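One structure below.
Letters A, B, C, D and E mark the chains in the order given here, with residues in each chain numbered from 1 onward.
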Amino acid sequence: MAMSQINHKTTEKNSTDIGSAVSVQNISKNYGDVEALRDMSLEFPRGQLTSLLGPSGCGKTTLLKIIAGLLEPTSGHVEVNGINVSGPGPDRAFVFQDFALLPWATVLKNVAFGLQMRGVAASEREAIAERYIKSVGLAGFENSYPHELSGGMRQRVGLARALSVDADVLLMDEPFSAVDEQTRRKFQEDLLSLVRDENKTFIFVTHSIEEAVYVSDQIAILLPRPSRVSEIIRPSSFRNKGVDNIRRDSEYLDIVDNIWSSLRTYVE
Amino acid sequence: MIKRANLLKIVSAVVLCSAWEIAGRIPVSYAFPTFLDSMRSFFEMIGNGMMLEAYKETLQPLVIGVLISAFLGIGLGLWIGLNNFFDWLFSPIFIVMQAAPLAALIPLLVLAYGIGLTSKVMVVCIMAMPVIVLNTSGAVRNTPESFKEMGKSFLASRASILLRIIIPAASPVIFAGLRLGVSAGFIGAILAELKITPTGVGDIITYSRSIADYPSMYAAIFSIILLAVLFLNLIEKLETVLFKGNQRGYVSD
Amino acid sequence: MYIFGYRLPGMSSLVVWGFLWEMIGRADVTFFVPPLSEVFTTLYSIIGTVAFKNALAETAYAFSLGVFFAVTIGVIIGILMGKNRLLDELLLPWVNVFLSAPLTALVPVLMVLFGFGMKSIIITTSLFAVWIIILNSRAGVKQINRSLVEMANSFGASPIDAFFKIYFWAALPEILGGVRIGIIRAVKGVIIGQLLISIVGFGALFELYSANFLMGHFWAVLLVLFGLAFSISEFLAYLERKVAYYAAKR
Amino acid sequence: QAEKIRIALAETPSDELAAFFVALDRAKANGLDYEWTAFSDEELAIQSVLSGQMDIGFGTPYAAMQRSRAPLRIIFQLSKLKFFPVTTSKYSSLKDMDGEPILLHSRGGGTDSIANVIEERIGIKFGDRSYVSGSSNRVAALLGGRADATIIDLSNKNKLMRSEAGAEFNVLEMFDVEASDEALFGNLDWIKNNEKDVAIFVNALVSTWQDMHKDPSIIRRETSPDGPIGQLPAEILAELDGFYSDAVAGGLYDPNGGGRKAANADMEWYSAAGQLDGTPDTLNIEDFWYLAPLDAAMKQ
Amino acid sequence: MAMSQINHKTTEKNSTDIGSAVSVQNISKNYGDVEALRDMSLEFPRGQLTSLLGPSGCGKTTLLKIIAGLLEPTSGHVEVNGINVSGPGPDRAFVFQDFALLPWATVLKNVAFGLQMRGVAASEREAIAERYIKSVGLAGFENSYPHELSGGMRQRVGLARALSVDADVLLMDEPFSAVDEQTRRKFQEDLLSLVRDENKTFIFVTHSIEEAVYVSDQIAILLPRPSRVSEIIRPSSFRNKGVDNIRRDSEYLDIVDNIWSSLRTYVE
């Protein structure tokens, strides 16, 4: 692959150097007759952001849920920080594709839910929740119910909830799909500063090649049913080039084109 | 290989019957026969045609009453669920009907309708209808908004929204109501036979009780429960056939 | 029901029905429907008597205990059945059996097993109410959005947490519906228990009044019962309305 | 004794039980401690005594005595089977009833056995028998035109015949019946273990029954206003005197508590009615009655 | 505005020439206290594709539902083909943001629902539904139930349902948000050929500026609460330049930047 534009930043963070936070080994998953994943192995380096990119229905959500411990794989196993996953744990937080908000609870209660489950006292968790609600731009909606929010606002509630528990590994299933471009950019920046400053590991599902290229340390390209990793790309970091210029950056455009051409093969 | 569900059914049935047998042998009471004695009377009564004879009598008001209640009840329930005015006007009546201590009202029913089929059917209906109506109307009101919106946007007529969206969405609760209604209908039929005129199975129960033939009495009770369960399984089958996609399995799976 | 933007209370339509009753009573169609006004006069005259107060106390005691057990047991079992396949497979056939079993026919068995006093009446009351509560709670849980459960699991909710914070709330509209119907059935159960097991409480009054054709008295006691069933049912309906904001949006 | 005796009534307290409660009050004055439970019918009262949940029951448990393994014994006859065939003016004697439908209390119950014995003695065969429990309900059915013939108890017969509608109905001539309608019974073991209480109780019953025969109005007078009878609606209390003078006049109660005479009559009646297997001469009174307490009471 | 790169294609289709298919006039909408839309007016030219672009929660779904006749505006009115909207009509079809699939019905039945409501015979509507299921790439899943599908697959079912009824005006609420980039590109092409060949009018909500620029004849930029149209942009058609080159096209990039800068102002 011609994808070796590794700059000073990514060299430090090479997966072999610092080890994997999450390691997926020979995972297969069947839903009845449907073979969603077959013998998939993938390493997620600690402190880095890995994107999963692949056609819809190829098993990205399935993989994420297996890592989260929500689904049992048919065979194979997952290790998080070297320990075998047998169920959900406080080291991982999940952002759900369909938001999964409690319809009977206010935004504040929804965001505080994860903290509540960890036994944080009411006043403290509400303070934390409020901070995150503000940081996703929902200040003023603390006491609204999910059904009074627009799609994108609901998604941001789910995001705030996952961020608030301060887990090591964040599993994000299309977390920005319903938010507007502007907010998305802001979130991307926030995400990047989290990766930079907090040594968190992110596993990120997206359908936007541009987004993947922009935010990821590593991109895993999945091909469909049964899903397998077709290739792993480690884009150079365009982050320090500034968001506004990157869209005209030819290196960036090359990578996007490259991914695009490797993905498009399967579309009939 | 027997399915696990069926295995469980069999195992728990065996446990219950043995408990019965043991309780009968202690005995818990002189009026409590053993399981085996009761089964013997049960098969005797089947053998000599008494059971068949009795059920011919019992099933008449039951089936008529349940059918009337099911159709009228679901119809009324839909109507009440869809229309605030009818909700306001009729819901209280059904709540009152539910609360009515029917056993106390039966003499009055006899006065009004005699001791024939009519008053028994009435009893079955009064018992069965309210649950069906109230469950249906409640379920109709809880139909998810987004389904109805979708239906409207695809120009579903009021009738098709009802038929293709509201009813399937409400079907689990409607069927729960139907099950309850049928069971209440059974209660009504037995109550009618115990309190109006002892005919059919109610007659076997009262008569064998009055001559202290407790095994026959328990056999009759057993048979009516058995029948009720068969009836319900039938309804369940109907539900699975009609609304297959509503079976979404268990959360734990 | 709204009239000129003002919400009519749930039971206000009874005024209409009451009026109809008065008309029928006045028209003297049949002796067992005396005019409503007469029933109220009778009610007023018996409401202070010791017999009535005793009946009320006995009935209320059996009823409230019966309902308490039915609700607690019903909700817990129902939710557990909805979420756990093994338990469901084990219990559902029996719930269906007891739900469909003509309980009236079972009453003699109950009496033998649990005695002839208050205990059997309380159990009868519970038995009338509990199955619908179980089934409704189960139905409520079964329609739960899977993602909510996964979400709670992913945040490490303990089974107890999941039970009270997810399943209970998600099924609450159905549970309340079930409790409401269950309680109304319990009213019937307590009377049937009082009539079939030992004749106490309101059951005794009914038996006495109807045997002596004291129709005014009979309806008066019936009215008290309806009042009881109604106020409880309206209270639950009020709770149901409070959760209605998400019932249709789950 | 600290323990209360538990009495299983077969119906809710009303006019017919007033005398019984007067007797209970008298027994209480003599140191009997009791509680009572009303069951909806006789069979339940019998079952409750069979199960040992009640000590003394109301009813005529002959079938249960013969069929179940429990040693039940009757100690006192409360009332006789005084029932009357009442019809519309369509019929004027029992002979006319051949092949005609009749409304009875319940299959296997007292009125059913009366019908059986009528068939046997008069030599007719009733047509369809249908059943409505409660004499008053059968009167209502009669008044409502839902039936033409039925068998009802003394007080309902009197009420009906004295009412305005009475002229439209006939009370058919019938033979006298000495057999028991209601009797007090208990488990023999229990009776023997509680001789003293049983004696107080039977004494009180005998004295009340005898006083009542001298003056029926003592029942109304002795009824405690706080007891279950005193609490009945005024409409019912007002008829108490009438009921008991009718009852005494009609021979509903035996001032001697039945005893051997009643026992023999019962053997004959209930075997004829089909509730007892065997013929009266093969049946042994001691298997059904325990006469010691009554005999002792009668000696006083 | 510097946005007047009108080429031969768009000249023919000027809104003043051919009239509006949908005309929104002085619409306001309040949800209780929340003022979602205030006095909004907007024209949707016949046979063209108009995108609504705006931050999440600004009222796009609300506007679409008002046009669909699913919501009553608080004031103002909507005309479709010159006729006042008082409820849903056969001239409009809706793609829902939350998919709104019937959980008890199979994919086939769900797609055929719209046709069924129009009284199309069973065999015919199933044939049509199958065709559309295939065209959204779900062949083989006809008899699956919604809960057995991935998020993107569910969205495509909703899409197929709306397309199958062949309505004049298609109201699409973030129709591609959960589908993968590749499928999205294909759908965009399909959409464009529908606009070109069938003279349908599309109203399209999206969060992707690139997508909006690529597919739209006209882009309405909405600013939030209470929502108002801040500007209308008519990009030149980049369609005939070919998808692969457009991303590097400087005209295209200029427009994207332009929109971006006009939108970003509101992000704090």
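Simple rule for what comes next: a contact is a pair of C-beta atoms (placed from the backbone, for glycine too) under 8 Å apart; a residue touches a chain by one contact, two chains touch by 3 or more.
Note that the coordinates shown come from a computational prediction; the quantities given were computed from them, not determined experimentally.
Identification of common neighbours of subunit A and subunit C yields an empty set. Contact with subunit A and subunit B alike is made by C, E.
Within the contact network of the assembly, the step distance from subunit B to subunit C comes to 1. Separating the CA-averaged centres of subunit A and subunit D is a span of 84 Å. Put simply, the C-alpha centre of subunit A and that of subunit E have 28 angstrom between them. The mean-CA centres of subunit B and subunit D are about 38 angstrom from one another, to the nearest whole unit.
Looking at subunit C, one finds that residues 108, 112, 146, 195-196, 207, 249-250 touch two or more other chains. Across the assembly, subunit D contributes 47, 51, 134, 137, 140 as residues in contact with two or more other chains. Residues of subunit B found to touch two or more other chains are 28-29, 31-32, 107, 111, 209, 248.
Interface note: chains touch in the pairs A-C, A-E, B-C, B-D, B-E, C-D. By the touch criterion stated above, subunit D contacts subunit B in their complex at residues 43, 46-47, 50-52, 61, 63-64, 66-70, 103, 106-109, 130-134, 137, 140-141, 144, 146, 275. By the touch rule above, subunit C contacts subunit D in their complex via residues 46, 49-51, 108, 111-112, 115-117, 195-200, 204, 207-209, 211-214, 217. The touching residues of subunit B, counted against subunit E in their complex, run 146-147, 149-157, 160, 164-165, 168-169, 171, 243-246, 248. In the complex of the two chains, the subunit D residues touching subunit C come out as 8-9, 11-14, 37-40, 44, 47-48, 51, 53-54, 134, 136-137, 140, 226, 231-233, 235-236.
Contact residues of subunit E toward subunit B in the complex are 65, 68-70, 87-90, 92-94, 96, 98, 100, 102-106, 113-114, 116-118, 145, 147, 161, 165.
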